[in-house]
Amino acid sequence: MRKLAVLGTLATMGFAVGVVVTSRPSNAQESGRPAPDSIAAPMLSASDTASLKGPRQPIFFRHDIHAGQFKIDCQYCHYSVSTATEPGIPTVQTCMGCHLVVAGSDSGGRAEIRKLRTFYNERDSTDAPRLEWVRVHTLARHAHFPHMLHVAAIGPTACGTCHGDVARMPQVWKVNDVNNMGFCINCHVERNVPRDCSTCHY
Amino acid sequence: MTAITQPGPPLTQTHAEVTRDVVATLGTPSRGYYLALFGAVGMFLVGLGTFVMLLKDGLGLAGYVHPVMWLVYITTFVFWVGIGHAGTLISAILYLFRSPWRTAVYRSTEAMTVFAVMTAGLFPIIHIGRQWIFYWLLPYPNQRMLWPNFKSPLIWDVFAIGTYLTVSTTFLVVGLVPDIAAVRDKVSGWRKKVYAMCSLGWTGSDNQWRHYTRGYLYLAALATPLVLSVHSVVSWDFAMSIVPGWHGTIFAPYFVAGAIYSGIGMVLTLLVPLRKVLKLEHMITEYHFDNLAKLTLLTGSILFYAYLMEYFVGWYSANTFEQTTFFRRAFGPQWWAGWSMIICNAFVSQLLWFRKIRTNLTALFVISIFINVGMWFERYVIIASSLSNDYIPYAWAQANPTWADWGILVGSFGWFLMYFLLFARTFPIVAIQEIKEMIPMPRRKRGGAH
Amino acid sequence: MAEVDRGLDRRKFLKVLGVTGVGSAALGGCSTDKVEKLIPYLVQDPNQVPGKATIYASTCTECSAGCGLHVTTREARAIKLEGNPDHPVNRGALCARGQAALQGLYNPDRIAGPMARNEAGDWVKVTWDDAIGRLVRALLAAPGRLAVLSGAGAGTFSDLFRDWTEAQGGQFVRWEPFDHEAMRAANRRIFGLDELPAHDFARARHIVSFGAEFLETWLAPVENQRGFAEARGRVGEGQEGERGMAKAVYIGPRRSLTGLNADEWHATTPGSEALLALAMANVVLSERSGAPPDANALRGVLSEYTPQRAAEAAGLETETVLRLAREFASAQPSLAVAGGISAQHRGAVDVCAAVNLLNYVAGNVGETVLFGARLQAGDGYGALRTLQQSMTASQVGVLIVHEANPVYAVPAESGFAAAMAQVPFKVSTSAYLDETSAACDLLLPNHHALERWDDAKPRAGIHALLQPVMEPVFGTKPTGDVLLETARLVGGALGGFSAVNFEAHLKDAWASVAQAAGASDTVEFWRESLRRGGRFATPEPTVVGLAAGVRLQLTEPALDGDGEFTLLPYPSPMLFDGRGANRPWLRENPDPVSKITWHSWVEVHPDTAARLDVRDGEHLRLTSPHGALEVPVYVYAGVRRDVIALPLGLGHTEFGAYATGEGVNPLDLLSADDGSGFLPYLSTRVEVERTRGFTKLATTQGNPRQLGRGIVETMPLPLAERGLTVAQSYEEQGHAEHEINPELEREAIVGWAEVQQEKQRFGGYADPHPKWGMAVDLSRCTGCSACVTACYAENNIPWVGADEVRRGREMSWMRIERYWEDGAHDGGASHAESAEARFIPVMCQHCDNAPCEPVCPVYASYHTPDGLNGQVYNRCVGTRYCGNNCPYKVRYYNWFAFAKRAFPEPMSLQLNPEVTVRARGVMEKCTFCIQRIRSAQHTARLEGREVQDGDVVTACAQACPSGAIVFGNVRDPESRVAAARQHPRGYHLLEDLNVRPSVTYLAKVIHSVEA
Amino acid sequence: MAAPVPGVLAAFDHIDGALDAIHELKASGHTDLTVYSAAPNHEIEAAIGHPVSRVRLFTLIGGLTGCTAGYAMTTWMSYDWPLLVGGKPIASIPPYVVIMFELTILIGALSTVAGMIILSIRRSVRGKPFHPRFSDDQVGIFAPCAAHQADAVSRVFTTHGAVEVTREG
C-alpha cells in the first residue's frame, strides 16, 4: 500500500518536472508566439474571478492553464473516470505531486499555489483548514451516470460533450445543464443508444 | 304516462311571475343561509387543514395499510363522481327524452354535477403520494420527452373526468346565459353590470335562439354518452384490475346505475331543504319528487340486481379467490360496511314502491340520507374489502380510516356545499327560460295560430 | 444517559468520506439550487477508487461461530457484509445477525469517546490520555486485585488480554452467555474430551435434534443450515442424490424454527430427553450391528433404559420411540444433536451425554460428529460465578469488562450488579452504554470489529483475520492499543508488552504463524492471509472412544417454583442473547416462527390460551419465585400445553434509543443457580394471570393459512424422486385434477400472447437482451430470513418501527411467508399442533405480463427490455394502483419519509450509493438487484465480453445459507437458473393468472406424513 | 356602441299578435326582422322561417377532430418513446378507444359552443334596440326600416296589439 503511494508520488513528481520543462516554450506565447495545439491562457489573478463565469472557488484553479496551456490530460487528475462511475476530484496529494516543484510563474499563481500547500501541510493538524470546492455539475441522485462507459463510448472528446471546453475556462462554469433529463435523452436518441428508463434510474 | 305528460309548474303562473320568483331567490339571503355557508366553509377548512398535514407528513396519516393502498380518498372520489351523474342524466338525457318534469329541477342538479365533479377532481390529487407533480398525468410536451401511459385506466380517468367537468360546466353555463340575461334585466346597480358581463350580450333574439336551441340539443346529445361513459371509465379503474371483487364485467352498468342512484339521492338531499329556503314550493312540487323517487327506485333496483349478481357470480365462478372475497365481504371483519351498503341501497330503495313514501318529503329526505351513506359505503366496501383479502393470504390486512381520512371527507362536503350555496345565491337555481318555454304565452284570441 | 455525548465528529467523517459526499440523501427532486461542496481527499487511500466498491476480507464477531466476511466498502465506508466464500464455516453465506453488524458499526448510540464519572457521578467526556491515565492509576493502586471479564473470541487479542491480566496477577474470565457448557461437560463425561465438536449435517441421512436450535443459534448456524439444506435438498438433482433426502426429527417442548423445518416434532416432557436418547441408543445398540467395539460395554448400562420407560416419561407412544430409534439406526450416517439453550435445564449435561452415546452407538462419531474441530468456547458460567464471588468478597479492586454484558445476560437474581458495586473501580470497553457499562466508572470504548485489527480462531484449523475496513466512525480506540499503552505506563510486570500498538503485536504474532506454516516471506504470507481472510485448513477428526468408566446417573431436572407452567426462555433467532436489540434490521426482521417484530411476546398453546381466556396480544402476567413480567400473548401450537415460551434478547434497561425499555427480559424470572456450571434456562415454573393490558402484535402476517391456494406447493418424497411435476403429483395422489387452464384455453392464451409479443418488438425491445430470472428451491429454504436482512442492507430499505408494522407498512421487499398447513381453511391465527409450517420467500416476481405495469399512468412501472419489472422511483407520482393490482402484494409504498428516520447519521453512511434512497410518496419493490445487474453489465462492457452466469448474484441469493436462491439469465441455456426453470418441481406462484412470473419456485419435498 | 340601426321596435304581450305582425311584415317585404323572446318559441321560429342552424356542422367536425386527435395522440406518443407494459403491444388500440371517445366528446362539445358563439355573432344585434322586458314576459320585434317606411311598420304593429311601439334612429 505504502509502496504504491510512494511510487505514485514519484511518478507525479517526474511528470511535474516534465511539465515544467515542456512548459518553457509556452512562456514564449506571452510574447505572442503560441505553441502549436496549445491554448494561450490569459493572464488573470484571483481578484479577477468575480468577473468570470462560474462559481468562485477557494483556490483559483485554472483549467485553462492546466488542461489548455499545459495540455495535461483530464484523466491525469480525474483518474478514475475511465474505470469507475465517478470521475473523482483529485486529491490534494495529486496537486502536490507537481506543486512540490512548480511554484507558479506569476504572483497571482504563486499565491494560489501557496494556499494549496497550506492545505496539504496542515493535513494532520486537528483544526486543519478544509478545501471545499464549489460543485459545478451535479446530477440528481436518482440518476446513475457511469462515467467510464461514456468515456469508453465517446472517446477522447467525451468530457467536453457534457462539460464543455474546460480547457478554455479560467474558471469552470456549467455549459450544459447536465441535471436535465432532456440533455441526456437528446444525446441518447442521436447516438441511438438505449434510453430504457432502467439504464439510468434504479 | 299521465303523470309524465302532466306539465310541471302550475299553469296559472305567468312568465313575469317566473322571472320574479326566481330573481327573488337571489335577494338578500336569510340568516339560515349564512349559517349554512359558514358551516360549509368551516368544513372546507377542516379538509384544507388535513390536506396541509398530508402534504407535510405524507399519506401515512390516513388509514392505509399494505395492501389496502386505496381507501377513503378513492371511495370519496368515486362517490362524488357518481353524485355528478344524476345532474347530467336529468339535464341531458331527460332533455332528449323531452321529460317535462326535469325543467324545474335540472338547473340545481346540473350545478350539483359541476360542483360534485369539481370535488371529485380534487381527490386524485389529494390521493397521490407526490401531490406536487400531479400534472405528470397530463400529456404535455416536456424536456424529458415522456408521455403518460394511455393504457392506464387512471389516464382514462383523467380524460373522462376532465371531459366531464369541461362538458358539464359548458352545458351549465350555456343553459345559464339566457337566465342571466333575464336577471340582468331585473336588477340594478353593480349587480346589473356583473350579470350583464356574464350574459355575454344575450338578448333572446330569434337568431340567438336559433343557434342556441340547436347547440344546446347537440350539447345534450354529447353529454348523454358521457353520463354512461364517465362512470364506466371510473368503474374500469377497478374492473381492469385483477383484484378479486373488482374485475367484474358487470362493473360498468353497475357503477352507472349506482352513480345515478347516488346522484338522485344527493339531489333529494339538496332540493328538499332548498325549495323551502328559496321558497320555490310552487315550482318544485311533489310531482317532481315523485318522478325523482321513481328514478331512484329504478336505479336502486338495478343496483340490487347487481349486488345479487356479484354474489351469484362470485359463487358460480367456482373461483376460490372470488368466493373468499365475497364471503369475507359479508362475513369478514368489515361485515358492517358490507351490510350497510346492502341495506341502505338495495333494501331502503324498495320502500319507494309506495306512492305515499314517494310523495312524503320527510320520508324522501331520510331515504336520501340513507342512499348517500349507503353509496359511500358501497365504494368503501368495494375498495377496502376487496383489497384487504386478495390472492396472497399472508399479506391480508384490514384498513381502519383515521382522522386524516375523515378530515378530507368532511372537507369535500364543505367544498361542495360551499360552491353549491354560493351558486344558489348568485345564479338562478331554476331554469327561467325553460320554465317559460313550458308556459304558453298569453294570446289575444282563444285557440291560437297552430 | 443524557450526559453521554453521542454527537459525532463530523470532521472525522468528512475525512473518511472524501469526495462524492454522502452518496445517499433522499430523493428530493432535481433541484440543484443548493450550493454543494466537494471536499477532496487530502491523501487518498490507494485502495479506494471513487465509484468503485472495494472488498475487504474479515471475520464476523457477532457469535462464536466466527464466519468469514467480505466487507464491501464504497468511498471508504462499509456498506454491506457478505460471507467469505473461502471461509470453511460459512462458505459465502451470512446470517441476518452477522449482516446486521453494520448497524452496530454505524449505530448512533455508540459511545463517541472515553468517558469517566465526575464527583457527582455524572458522565463527562475525557481525553484518551486522561482515560488511560485513570486506568493506570487504578491498576497501580490495586496491584494483583485486577479482574477481567471478556467476551472476545479466541485469538491474539484474547491471548494478549489474558497474558496482560495474568502478568498483573489478575483474574481473567472469558465468558459469553450461550457457551454450550453442558455439551462440553457431557463430552468430558462420555469421551473424556473437553471440546465442542463440529457437526457435518450435509452427510447425515437422518437428523434428530433434542432441543438444539441448530438452524438459528446453536454453534455455527450458517454452517449447520448449509449442511441441513445439502442433506435435504438433494432431491432430483442427478441419480445419486435422488434418494438422499434426510429426514429430520425435532424433540423438545417448543417447536423452534429448526423444529418447523423438521419432518416430525415430538413435544416431549421437558427433562425426558435424556431418557429418550438413551432408550433410542439402547434400541440402536441392540438391533443394529456396526457400533464401535467398545460400545458393547454399554449394553448393560443402556439396557435399563427401555423404550417403554422413555415413552412414559416423554409422553410418547412406545411404538414411536422404537420407530425413531430404528429410523435413526437405518439411515447411515445419522446425526443426533443436543445442547440447545432452550432445552438447557438442570439435566442438560445428561441429555448431551445421552445424545453422545446415541451418536456413538450409531457409529456417527467420526462421521457426522467431528471431534478435533475444537470449536471455541469460553470459561463457562461457573467461572463467571467464581468471579462474582470474589467481587462480592471485595477481592477485586479493578474490574474490566470487555464485550460482555453480564448485568443483562445473567438473571438479576444473581446479584451481579450488587457484586460490581463492591468493586471500587470498574472499566468497560463496551461500544454502548449498556447495563454493565452504565454501572462502570470509566468507559474506554473499543473500535468496532470492522474498524480494528484482530484475528480469530473459531475452531481448529481456522485462523482468520480481522482488518479495519474504514476509518473509525467515532473517537474510539482499539482495546488492544489501550492494553499496550497501559502496559507501557504501568511498566513492571507489564514491561514485556513492548509492541507499539496492537497492529504491530498482531503482525508479530502472525510472523510466528508464518514461520510455523513454513512461509519464507512473512510479509507476503501476511498479505495473502489478509486477502483471503485468514488461513483455513480442515483438521483431521480426532479418533475418539468412550471414556473410561462411563456411568449414567440421570437426575430429574428440578424446576423452581410451583407455578402451573414451565417457562421456556429461548434465544431469539434475530437478537441472539440480546446483543442485537439495538439493530433495527434485526428488530424489524420478523421472528421466523411467530412473525412478530420489535417487541416481546409469550407463546401459549391454543388450548391453554382458551382455558386462560386470552387471545393474541392480550397480556399475561408471569410470576416466578424470582420475579414477574407482563407480556402480550402469541397463541402458538408449537409449545406444549404445560409450557409457555418467551424469546430472550429484549428488556434492556440501558442500551440505546432502539433497545432501552423495549420488551421484557425473561431472565428476570430465572434463578441464577450455578450448581451445574451453566445457567439453566429451563428451570422455572411460573404462575400466569391475565391482565387488562393489550398490545396489538406487530406481526407481518395477515392470514396464516394458504386456503388451498397452492402458494407453497409440496410433493411427497417418493413422487419427487420419480421426477413428477407438481400437477402430475396431484393427479398421482388422487386429488382433483390440478388443472390450471384447460388445453384449449391455454392454446388460446399462448396464441394470443404470441400475437401480442410480435407487437412488442419495437425500439429498444427489438434488440436481443438477456432475460433475468430467479429460482427458489423451497426444499432448501428454511425460513431463516438472512435474505431479508441482505435485502435491507443492499437496497437501502428503511425500517419503519413497530407502530407502522402494525399497520402492515413494513417495507420488506422480500418477505418470508410462513403458512400453517393443518387442513383448516380459514379462521383465526391458532392452529393445530400437527400443523406443518411452510416457508416461502416472496419478492417481486417480475412478471412478463405484469399487472402492475399497464395501470401506472406515468410508466413508472414498466417492463425493461431485459425482462425486469422496472420501477422508476423518480417518475412515480404515487397513485398506488400498481400496488393494488399486484397479485403477489410485493409492492411497498413510502407512506412517510421512512428513509429520513431510518437512516440517522451515522447510519446513513451504510447506504448503498448504487441504490436510490426512496422519498416519501413513491412505490418501491424488489428490483432483482438491478444495480448489481447493471454493474456487471458495465464491467462486462468495459472488458468487451458478455455477462456470464454467476456474474450477477442478487443480495438474497448471495446471503442464503441454504443456497435456495439461484439467479441468472434464463435465455442462457447453460445458466443454473434456466435449468431450474425446467425442473419438474418448478411452478409459478398463482400460475393461473397467466402473469408469467420470472421467479420459479421448486416445490417443497416432504417426507410422507403417514409415519 | 355600434351606430343605432334605424327602424321600429314593438313589444307584444300576446304571442299571437306578435306572430301576426311578423307574418304581415314579412309579406310586405320586411324580412330582416329581429324578434326577441324570453324563451325559445317554435311559433316565432316557424314564422321567421330561418333554415336549420349550422351549429351541427361544428359539432360534427369537432367530434371527428377529437376522435382523430385521440387516435393520433395516443398512438404517436406510444411510439415516440416505446415502453412495454404488462405484455401488451406498444400501441394497444382497445384502451385508446376510451381516449378517442373522450376527446370526441370534449372537442365536439367545445366546438359546438364555439359554433353557437360564432354563428350568433355573425348576425349581430348590435345597434338594434332592446328592452329589458323582452327577457321577462314580452315578445319584442324590431323591424329595421328607413324613416319613410316607419309609419307603415308602426301601423302593422299597433294593429296586431303591440303594447308599445317606438321608432329608432
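Labels for the chains are A, B, C and D, by order of writing; each one numbers its residues from 1.
Everything that follows uses one rule, which is that a contact is a pair of C-beta atoms (placed from the backbone, for glycine too) under 8 Å apart; a residue touches a chain by one contact, two chains touch by 3 or more.
Keep in mind that this is a model prediction, so the values were computed, not measured.
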{"item": "Innermost chain, where centres are averages of C-alpha coordinates", "value": "C"}
{"item": "Pair of chains joined by more contacts [C-beta pairs], B-D or A-B", "value": "B-D"}
{"item": "Centre distance in Å when chain A and chain B are each reduced to the mean of their C-alpha atoms", "value": "64"}
{"item": "Chain centre separation in whole Å, for chain D relative to chain B (CA means)", "value": "29"}
{"item": "Interchain centroid distance [CA atoms averaged], chain A/chain C, Å", "value": "47"}
{"item": "Chain centre separation in whole Å, for chain C relative to chain B (CA means)", "value": "57"}
{"item": "Sequence positions of chain C contacting 2 or more other chains", "value": "764, 851, 854-856, 859, 862, 865, 875"}
{"item": "Multi-partner residues of chain D (at least 2 other chains)", "value": "81, 83, 85-86, 88, 92, 95"}
{"item": "Junction residues of chain A, two or more chains touched", "value": "180, 195, 197"}
{"item": "Chain C partner contacts - residues on chain B that touch it in the complex", "value": "57-60, 64-67, 69-70, 124, 127-131, 133-134, 136-137, 146, 148-149, 151-155, 158, 237, 240-243, 320-321, 324, 387, 389-397"}
{"item": "Chain A residues within the chain C interface of the complex", "value": "1, 4-5, 8, 55, 80, 83-93, 119-120, 123, 128, 130-135, 138, 140-144, 146-149, 152, 179-180, 194-199, 201-202"}
{"item": "For the chain C and chain B complex, residues of the former touching the latter", "value": "701-709, 711, 804, 807-810, 815, 817-819, 842, 851, 854-859, 862, 875-881, 883-885, 887-889, 892-897, 919-923, 990, 993, 995"}
{"item": "Residue ranges of chain B in contact with chain D within the complex", "value": "14-16, 19, 139, 145-151, 155-156, 159-160, 162-163, 166-167, 170-171, 174, 178, 181-182, 184-186, 200-215, 218-219, 222-223, 225-226, 229, 233, 236, 432-434, 436-437, 440-445, 448-450"}
{"item": "Chain B contact footprint on chain D (complex, rising order)", "value": "13-17, 19-20, 33-41, 43-46, 48, 50, 52-53, 55-56, 59, 63, 73-74, 77-78, 80-81, 83, 85-86, 88, 92, 95-96, 98-99, 101-103, 105-106, 108-110, 112-113, 115-117, 119-120, 123, 125, 128, 130, 132-137, 139, 161"}
